[in-house]
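The next part holds the structures, each set out as structure tokens.
Here come two complexes built around subunit A, the first alongside subunit B, the second alongside subunit C.
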Partner chain A sequence: MTDASADRSTDGHSRAKTSLLQLDERTKKRNAAEARFQAYGIAALAVGMFFLIALLTAIVSNGTRAFTQTFVMMDVTLDAQKLDPDGTGDAEVIAKTTTFGYGGIIDAALEQTLVARGITTEIAVGDLDQMLSSGAAAQIRRAVLDDTSLVGQTVTFEVLASSRVDGYLKGRVTRESLARDRNLSPEHLDVVDALQEAGLVERRFNWAFITGSDASESRPEQAGIGVSMIGSFFMMLVVLVLSLPIGVATSIYLEEFAPQNRFTDFIEVNISNLAAVPSIVFGILGLAIFIQVAHLPQSAPLVGGLVLTLMTLPTIIISTRASLKSVPPSIRDAALGVGASKMQSIFHHVLPLAMPGILTGTILGLAQALGETAPLLLIGMVGFIASNYPDGIAEGFLSPNSAMPAQIYEWAKRADPAYYERAWGGIIILLLFLMTMNIIAILLRRRFERRW
Partner chain B sequence: MSALWIALIVLILAAVGFVVGRGRAMQSADGNIRNLHSLPVYYGSHVAMLTSVPALLLLALWLFAQPLAINRMIAPMITSVEAGDSGTLGLVLSDVRRVADGLDLAVSQGVMTDDAARDIRTEFTDVRERLSQVGVALGSDVSRETLAAAQRYRTLSTSGSFLMVVAVIGVALVGAVFALARTNRDFRARNVVEAGIKVVLIAAACIAILTTVGIVLSLIFNTVKFFGLYPASQFFFGLTWSPSFGGGSELGILPLLWGTFYISIIALAVAVPIGLFAAIYLSEYATPKVRAIAKPLLEVLAGIPTIVYGLFALLTVGPLLVNVFGEGGILGVTWMGGGTAVMTAGLVMGIMLIPFVSSLSDDIINAVPQSMRDGSLGLGATRSETVRQVVLPAALPGIVGAILLAASRAIGETMIVVLGAGAAARLSLNPFEAMTTVTAKIVSQLTGDADFSSPEALVAFSLGMTLFVITLGLNVFALWIVRKYREQYE
Partner chain C sequence: MSFVKLAASALAISAALATSAAARDNVQVAGSSTVLPYASIVAEAFGENFDFPTPVVESGGSSAGLARFCEGVGENQIDIANASRGIRAGEIEACAANGVTDIIEVRIGYDGIVFASDINGASFAFTPSDWFLALAPMIVVDGAVVENPNTNWNQVNPSFPDQEILAFIPGTRHGTREVFEEQVLAAGCEATGALEGMIASGMSEDDAEDACIAVRTDGISIDIDGDYTETLARIGSNPNGIGIFGLAFYENNTDTLQVATMNGVVPTVEAIASAEYPVSRPLYFYIKKAHIGVIPGLKEYAEFFVSDDMAGPSGPLAQYGLVSDPELAATQAMIAAEETMGDM
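Right after this comes the complex of A and B.
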């Protein structure tokens, strides 16, 4: 043995010399592979982050513009000759002048404004009102009907500018793009510039976008998301009222009572499969069962809520079961030990302890339901102009309405680019709701989560 | 009396029963709670339960069954429709119901007296005009037969409703009396009430089954109807998709399936490498601090609704891709005609699936025991060699399962393809062309006011059936793989 060791020490020079301080080729290669592999990981993460940032940038940069709107201020002379020739002051007589009849008054007001400010233009007087929203006449008429004493006076009105003018101030519309536009000519923009200098055209925050109703295809400047927000609210109410009790009851049964048998297995398989069924299939179910068979009204938030309930049930059941499972058995044993029945131990002790987890899961399920669009398309919540607030609670559930994501989809499909801006704006509002719900869920979890 | 009032009466009876039952139990225990088997609340609940539950169930059943029974009874009166023609019969019957409702409305508004409504004849009165006075618009003049049937419908439904009131309240009273008779100090009220609650819990659990059954039935029923109008072989093997509501449409599913798979493949090609590498980095390399920030951020992508991705595809990614690959673009090629294309939808769907792949893979990689990594590192392997040769093979079944689940998600995704992929159904290999998918066509065939009896609308149910079967198959397969090949580390 000593020979062998002596041999090696003398033979050492025949092998390649290795040193810990000097990397050989193979180690270098392996280290390079290691660095490469790590770089791939970082790159993947970076790409993911980049997509997230790109998405959020697109939303914010396109959407914030929807929250401001261009208004035009002008002095309108409410000509008593036209509105109330006999001087009756009677609201019914004044109401006889239709919105169409106010067109002339607006034309006159615009002309007056231009003359007063010394702005000259080649546009015919009758065409000046293309700068304004076609809803301007209705706005003035409503103001007059609300207060008939205005007739005969000169009142300063703030009316919406047309979507083209609005787009010009937001940089979406240029003179070149107007060259072939029938709704507005480049000369109008000169007038707008002059009016803006005079401080009569102004862009400012537009509450009507948040609270208002949808408008027809030709009046994007008037469209708002408020009514569909109410529709979403009623749908979420249905989802909450149905899915929370049903989900909790199902979870309690499966987690605490169900015997190990085929029937239980069958329920479990069904729930896990339902969680993976594409949402559009739930829309087909809603159309076939709730509308075709049960004859519930189309487009009603009630039907939407029912469909979304079925869709979110698996989510809620899964999270509820997890939080029931996390309550330690000692709690149940203690309750049973002092003479409670199984039902009492669960309802009096396990359920309250699991409640924060259940609520967190429910809020997350609701958030998922709030953003879901596809099933709503099939039960008729698009292609429908949500122009009125529901009159009451029953109406809120049963009368046709839209929902926020469906409204966004509807806007995205319209031809006028002014609607795209509103779709992005709608997304900002939708995401704000989702963010709030998620933050509440996180806070709930932080505040009440218990480690046993 | 409307059903709502009856339900309210039953509930009031139940509340009264609760108080009486509790009092009776206390009385039988001589006012001493210790002589009772259960807490007094349970005796009260027992009475309330037996009062309300059977009565309300009967009410629901009656409301459901009465229209069916009445329809069956008046159907023989409609002689103008040949037996067996159920479609026309249904139309006539719904006319009958509308006339009957109109007569009800007319009576309640005082336009007609009750006797007049019962006795009017088409020979003497223009029923259509009279009904339009109260705001009931009828499509055509009312025939003698329809009016007679409507009048019979009214008498039947009046007597039916009366019977319902009697029966429901009778059942409630019988239940209350029975429960009160059982109530004494030795009666095991808690056991009975808890058995009742358990039935409710089981019923709730069955809703999941009912939903599945509802989905399957509504799909199968309408699919069978569709195949009665359109040959199944042409649906499954047809190469053209050109529906026209005027008739003569070709409804081959293959172009749609091709679009679906093409988009899904592009989406997976984006999501799988990025998601997988991100998961590996997060679980094997990242410091806890980086992980605590990057993981939730990545999962934000999963919480964003699909409509947002759809809009992102339509308005941002599509135009961007046209700027690069379209005419006059940066690359100087003219591959892309418009913003909506397979590439647009696939790319955006890939972004959506990144967190799906990454968080599922992350869980699975974390489930591989540390001792295996330690063993590999102890033998001198680098970390990447450990990952590639030890961790990934151990996690492979789970990762394959995750990818299959992501694929099923991609196939069922709707909003991104509706907005981003275009509407043209074609079989093409060019990823810059607009194509369409099964889900997008379900939406386009079922929105709008199509009537649900034409093959063009019914085809959507067959498409839904195909989609359901494919996604279900993928899910079952994924779970099977995970179960079968899962390594047990115990």
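Right after this comes the complex of A and C.
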């Protein structure tokens, strides 16, 4: 201490005069370091922004095409000779003609349409239907079974074009790329061009992509994300209904009532650990406990919801405890001071004040669960599953279904390039949901959160 | 109080669900991802034409599917396992240990395995020997077993272009890998005389056979554990690569891929059906007989799968890339009679 002051007094004379206006070397160095640090920060931000923009551009440019679809209009003569030879008009008799039996009717309808429009082609009549989705037969059959009086009449149907034709109108398929294709020939595209000129082939917005069900590998044009959206909805319902009460009850007990001892410390540490457990682990747990021991049905949104509840609980507990902690003790003291019991002080005062934080945490936990795929792989929710609409609420929980991210994963794996486009489209829908949830969380926080 | 309401409704829902885990009314299928496209096409058409709900088809691989299949009998177990290979004796034993005894084996047709590369790259005409010389870790040169020195295709076969060897082959969990090892690598090993050479140099016969189907690990051959879409993406980013695909996948992506011939034969449905094209395998599914009559629509689904309308030479499965089984009629009769594997 004395040495230092001695140094200073001797140093005082030799030290250059400093000015606030003229920067000395050391200050310049420090300022430069600061400027450099800021530059690093901006660079990091720029890299982040670049990737975000690249990602969004990729998603939007690849995915928006999935929202439109090509349709073909044609007059179909529902030949009574084929569908109902005895003229019974009985739905059961007409149902005996399977979708394969409608192939000839569709071929005839296409030929008729071309002749009526004066379009000539060298394609054999039997091969014309490669332009149409193989779902067209099912669509016409369903219409006939719904209204058997249509048999014998000529009805105008609007059917989906095949994924190759759809790809042609979207610029994905060209005559060159079809050169070695077995499913469609370049000559078909000439017919498509002619039909388009005649106004019979049209590409427009496709609600069925948002509301529809999954389709098999051979007809991507028919696939939609609607049923898996319902699956996701029921899963989120299970997660919300189970994890919110359990999570809030746990946090209130741990935060307000539990004694501070080794046991509660141990629990606290483990809750934090659970939040970091990879989600696939919960999937294995779900398979072992809910399906193999509790005998709950496979592929059911109920089981998916239970597994995701396990995953979401730690997130909710941690955020609830944080928001309970942020309520100042004076509120509790005041309530206790006017004679409230501890429980009254918590439920009447602390919990309402902590609610915005709790809800924000819950919504973010749900958003995380909504985008989760890995645990669903193990409980049978990935595959060709989301093809039936559930009928009723109980069915919604129990009948096999998929979830949006699982459906996207499934589509991305399929061979037909048209499914790739649909996977991107599914990502857009999933992102819209996540964005909505995050915006709600932000609004809640803005609107109700109090600062003390 | 909303909290009490929430808790009460949670309890009510879980109670309702616990009681309503009722009878299953849809067929549940799991297994090979190679069979999945075909099974999904059949399931969709089945839902459209019958009054039963559309069956649920999961993927996950032949082994995983058969393991789940063998877990037991009951509504909570799958009814059908799809497989891109025959069931193994060990799996039949595991099944029997869990009470799954009467199994119906259904062969649905054949799947061709093709070698394809970037459409703008060089064309290849392979023989199994070429693949063995390209991918084996040890080959025989002048009677001595040496580490494989080949890095470019023209070293393997002078008629090939001077292009680095880069192969994307299915990982070991895929059934396709086994077919590649047995029908290409082992065949090539024998054809080049490497098998004899290895035995002559003092290896035991078993070791030599293992060495025949081994794959070099110096980065020239890359195992793909994902699906064919991953292989396709790898070729897209590396035009020198040659990948192994199922015939159906290749036929859906002819705009980016070109296929190589094997022994001079172009892989087509016809060439595979006539066994001219050498690399193919049968596809199966397995039914639990105990579930027939319990799960509605199970037998109808199986019969519909192998019906001429679906699996015949001009049906939608053949259209997608399945090589139709010439003995389909026998399979149809077998399902109608519910013949199990033991009866055969």
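Following the convention adopted for this analysis, the second predicted complex is superposed on the first by the 411 of 452 C-alpha atoms of A that agree within 3 Å, B and C clash if a C-alpha of one lies under 4 Å from a C-alpha of the other, contacts with A are read in each partner's own complex, and residues count from 1 in each chain.
Note that a contact is a pair of C-beta atoms (placed from the backbone, for glycine too) under 8 Å apart; a residue touches a chain by one contact, two chains touch by 3 or more.
All values reported here derive from a predicted model rather than from experimental measurement.
When both complexes are superposed on subunit A, subunit B and subunit C end up clashing with one another.
Of the two partner chains placed by superposition, A:Leu189 touches none, neither subunit B nor subunit C. In the superposition on chain A, contact is made by A:Ala43 with subunit B only, not with subunit C.
With both structures placed on the common chain, the touch criterion links A:Ser299 to subunit C but leaves subunit B unconnected.
Looking at the shared chain after the overlay, A:Ala412 reaches both subunit B and subunit C. In the superposed model, A:Val382 makes contact with both subunit B and subunit C.
After overlaying the two complexes on the shared chain, residue contacts for A:Ala138 are found with subunit C alone; subunit B is out of touch.
Of the two partner chains, subunit B is the only one that A:Leu434 touches; subunit C does not reach it. In the superposition on chain A, contact of A:Ile284 is made with subunit B only, not with subunit C. Of the two partner chains placed around the shared chain by superposition, neither subunit B nor subunit C is touched by A:Met74.
Note on the chain A alignment: of 4-12, 40-48, 58-66 or 328-336, the part of subunit C that runs into subunit B is 58-66.
On subunit A, the patch touched by subunit B and the patch touched by subunit C overlap at residues 245, 249, 377, 380, 382-383, 412-413, 420.
Residue ranges on subunit A touching subunit B, taken from their complex, read 30-31, 33-34, 36-38, 40-45, 47-49, 51-52, 54-55, 58-59, 62, 245-246, 249-250, 252-254, 257-258, 266-267, 270-274, 276-285, 287-289, 292, 310, 313-314, 317, 341-343, 367, 370-374, 377-378, 380, 382-383, 405, 408-409, 412-413, 420, 423-424, 427, 430-431, 434, 438. Interface residues of subunit C facing subunit A in the complex, by the touch rule stated above, are 1, 3, 6-7, 9-10, 13-14, 16-17, 20-22, 24, 26, 28, 30, 33, 36-37, 39-41, 43-45, 47-49, 53-54, 56-60, 76, 78, 227-229, 248-249, 251-255, 309, 316, 319-320.
On subunit A, the positions that touch subunit C within their shared complex are 98-100, 134, 138, 141-142, 173, 176-183, 215-219, 238, 241-242, 244-245, 248-249, 291, 295-299, 302, 347, 351, 377, 380, 382-385, 387-388, 394, 397-400, 412-417, 420.
Within the complex formed with subunit A, the subunit B residues making contact are 190, 194, 197-198, 200-202, 204-209, 211-212, 214-215, 218-219, 221-222, 273-278, 280-282, 284-285, 294, 297-298, 300-301, 303-312, 314-316, 351, 354-355, 358, 382-385, 387-388, 405, 408, 411-415, 418-419, 439, 442-443, 446-448, 452, 460-461, 464, 467-468, 471-472, 475-476, 479.
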